[in-house]
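As written, the chains take the letters A, B, C and D, and residue 1 is the first residue of each chain.
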Amino acid sequence: MKAVVTVMLKPGVLDPQGKAIGQALAHLGFGDVGEVRAGKVFELELAQTDPVAARNAAESMARKLLANTVIESFKVEIAGAATP
Amino acid sequence: MNQALAAEFGLDADEYRRVLDIMGRTPSFAELGIFSVMWSEHCSYKSSRVWLRTLPTQAPWVIHGPGENAGVVAIGEGLAAIFKMESHNHPSFIEPYQGAATGVGGILRDVFTMGARPVANLNALRFGDPANPATRRIVDGVVRGIGGYGNCVGVPTVGGEINFHPAYDGNPLVNAMTVGIAPAGRIFLSAAAGIGNPVVYVGSRTGRDGIHGATMASAEFGADAESKRPTVQVGDPFVEKLLIEACLELMATDAIVAIQDMGAAGLTSSSVEMAGKGGVGIELDLDQVPQRETGMSAYEMMLSESQERMLIVLRPGAEGIARAIFEKWELDFAVIGHLTGTGRIVVRHQGRIEADIPLAPLADQAPLYHRPTAPSPPPRPIGSLPAARLAEDLVRLVACPDLASRAWVWDQYDSTVGGQTVKRPGAADAAIVRVDGHRLALALTTDCTPRYVAADPEAGAAQAVAEAWRNITATGARPLAITDNMNFGNPEKPVVMGQFAGAVAGIARACIALDFPVVSGNVSLYNETAGSPILPTPAIGGLGVLADAAQAVGLAAAPGQDLVLLGGDPSHLGQSLWLREIAGQEAGPPPPVDLAAERRHGDFVRARIAAGGVAACHDVADGGLLVAIGEMLLAGDTGAVLGPAPDAAGFWFGEDQARYVLAVADGAALLAAAQAAGIPARLLGRTGGEGLTLPDGATISLATLRSAHERFFPALMES
Amino acid sequence: MRAGIVVFPGINRERDMAIALERASGRAPRMVWHRETDLQGLDLIVIPGGFSYGDYLRCGAMAAQSPVMESIRAHATRGGHVLGVCNGFQILVESQLLPGALLRNASLRFLSMDCHLRVERADTDFTAHYQRGQVIRAPMAHGDGNYFADDATLDRLEGEGLVAFRYVAPDGSVTAAANRNGSARSIAGILSPNRRILGLMPHPEDLVDPLLGGTDGAPLFEGLAASLAA
Amino acid sequence: MKAVVTVMLKPGVLDPQGKAIGQALAHLGFGDVGEVRAGKVFELELAQTDPVAARNAAESMARKLLANTVIESFKVEIAGAATP
């Protein structure tokens, strides 16, 4: 199964990249864009065939490695499964 | 398989006929691919070879000149310096970050493949008009790419040069140079030997990256540049770092017979060149090649330019040792073939022979062109000139794109990693990098003034060599050898070919006079967009040596020193930056290059530095004498009072060659020594205070000068 | 002082660190490959700078999961000394041996230049050869040195005196301009509560030789060597 | 409206980051994870109130700035709108 892990900075953590992109977009004439947040996304090819098992595996990978929970939060989506 | 297809591969009718002659049959797709990349301009040097042969390449300290992956010179204490410069112009236009990054990666491999630990990177960059919005994006990507790769692999980036000119608008130049150190007795070469010996592939897996990159680098950009984009290669500096460590670890054993990086034209050029140089045959089994993608054809695998890969011929039975080392570093390792006695390259894939080509004719019958040359039109004559206003002109000049502080750039390059950088960027005319565990140090620089070359290719190229030699000399080091990176337009145009020929002649003349041979280099042609060529840019990378790093002299003056001009009063305004920036003219002949004077003056300066009396030294180059003084003061954070002197623009802003400004405790003693040696010298003034006081009494505060000098890059890039 | 330098794939300042340690202690440090787990006999473990695992994902994240980190944690629990510089600091915060995180520099650019640091306390084994309040120079070379922690953590660090170094102007004042990477409260280096673990971004090991521009970094290693003299 | 732009390397383009993460996950005992691809995600606060206008704006931002279309492809999702 395919899992998609999205990692974003927690609210309150400075996001210089998002801020710089917001400014650059404004310079490019997209004056009406509000806040921009930048994050990371990981597509994982998993051996699990059961969506629940796949989700558990991906969540455990996110907690252990893909996200730094001091500053980041994450979200897991399993391809084809509805987001809970 | 026909002429039309061959043409798409970049082979002309004549070349295709030659392929048919050699093969005695219609070539397969993979075979045609191999011919096309091996006979591309990039790999075969078909337009430039006849000229490159005329370069001087010998000196008692040269261990390996051109023809190997990089040049090798003895630097004393049983050590050798290995260095080369290479272009990545076309890829950097298409994708500036990855183009520049993979340029750095490629030149690093050329150096460590010979057994050297890379100890320094430099670069020579040319960008378009700063007013052109595309320039900013390209500068940003190239600088990030060079830093992104070099910082990660842990090789300090210690020097370089940057020019801006509208002629580079559609075609920036990214030339990267790497310098490494190896024991002089343990240099690894690429000539394969030993029939039956295993051929091993190490590094990253092969994907469909950059297929036909070599042929792309051999064609000019038209409006369809966009459609050439899918060939972009992505660099992985982490894998490169592992590859460096793993290769050096393997090189400490006796497992290697021959080794070569997979650069342009990847597996094709590395296997063909290794076997060809060794006079043996080679058989490859592509099924064994580590692959990143599925369903790749033999053609794709042979032409892939995936980065961070090496080809090694091992001694029989050494596979186990080698495999263990590469597995420790988590790199792919595979035996993909062996050497044969057939003199042919045979490529097998999925049970079929996809290519079977005799190697000797592939090399010997490679096209070689004596392309017609035409002289460059003479430069425009200099028109009427305004009077020089020293203070105002100086402030404007130090702020102009070609003279403004490059700190914004080098602040993004790790220049200290390795713990051997004695003179960082901006501290001296050449970067100084000590040899780990020795007192010995290298002096490194890259130089070229393309506007001089455009005005007079022979004189301009000689000037580039002279300036590299002078920059090394100004630190106290002894210049040893150069690498050259010849960036030119379309060689099928006689004027461009004339520029090339003239530049080679100028380099040769200067190298002979200065005992400064060419030991490696690279040629990049077809640097044109929509039919308009770049300025001819023979970038010179110079290397010198200093027996004791502690003797290195920088350019920063300190308060309380006499400033002395050595070499004679300047007067030549042709092609000067003052003429361009202040008078608004790109005109006149470039400064003449008197190589005998160059050598006499330089040898004198070096001897004075060795004798210990020189606190700082800077050559007079772009911008002329007053700019040189300004740079010494800014670097040392001191003002100066200049004494009486001529007030002509030519004196303060002329770009005459073979001149240095020295900061010394005792100016009178230096003048006397210069007089005794028959070298013209003049006391300019004395350092100290908060500003630069000119002979006319005007004072520019250091703060004014500094803010003018430091404004350009941040203003361009951070707006 | 018996020091070990941990080498992860992609680390690149291990030789700089070895030179500095040997200069100060007269003893060559042991190079510890990241798969080793036996750190017996070492007084000081140093995680040097570089780009472990290419700095992919997050700087230090993958190294923090390496087997050797468990041994380092045990060494720290025993009260052993640990120094993490640059990528080493990032690895220490990723493995939560030190609090907080190191975010992308506020400028979003790699910063390679000398900075000035104020020594916030001189009563630790790392800073014993400096004076409190002394301003030293050190090269920095990083893309992700922007120290972040929540306010409670920052207040605790300050309250317990665990801020070791701060980015300052040459005169010792804390200014926004001197804090080039945007670190919270200009923090350049922090200590563990027992003051045996130090993480800092700039590179004192690259300024221990007058030839290379100064010796401001040398007292850090000399202080350690004196404190940990066997 | 909120738009989420996900930027991934195009198929076939080397993904050094994804590769290193995959190896690290395997070392951590997630032996059964296959290919890993790493990408970027941007959350944009848009002034547009019409989903079609919002999508057009986000796509234009992605093409101009957020994605390097030489090597990356992108996908736009508008919060609350079904993916087309």
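Note that in this section a residue touches a chain if its C-beta (ideal position, glycine included) is under 8 Å from a C-beta of that chain, and two chains touch if they have at least 3 such contacts.
What you are looking at is a predicted structure, and each value in this text was computed from that prediction instead of being measured.
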| item | value |
| --- | --- |
| B-C against B-D, pair bridged by the larger set of C-beta contacts | B-C |
| Whole-Å gap separating subunit C and subunit D, where each centre is the average of the chain's CA atoms | 35 |
| Between subunit A and subunit D, centroid-to-centroid distance (C-alpha), Å | 9 |
| For subunit A, residues contacting two or more additional chains | 64-66 |
| Interface hub residues of subunit B, defined as touching at least two other chains | 236, 238-239, 330 |
| Numbers and ranges of subunit C residues touching at least 2 other chains | 53-54, 56-57, 62, 65 |
| Pairs of chains found to touch, sorted by chain label | A-C, A-D, B-C, B-D, C-D |
| Contacting residues of subunit B [partner subunit C, same complex] | 144, 147-148, 151-154, 236-239, 241-242, 329-330, 410-422, 424, 434, 436, 549-550 |
| Interface residues, subunit A side, partner subunit D - complex | 6, 8, 18, 21, 24-25, 28, 30, 32-48, 57, 60-61, 64-66 |
| Subunit D-facing residues of subunit C, complex | 53-54, 56-57, 62, 65-66 |
| Contacting residues of subunit A [partner subunit C, same complex] | 12-14, 16-17, 20, 64-66, 68, 70-71 |
| Subunit B-touching residues of subunit C, taken from the complex the two chains share | 9-10, 12-13, 15-16, 19-20, 49-51, 53-56, 109-113, 139, 141, 143, 203, 205-206, 209, 211-213 |
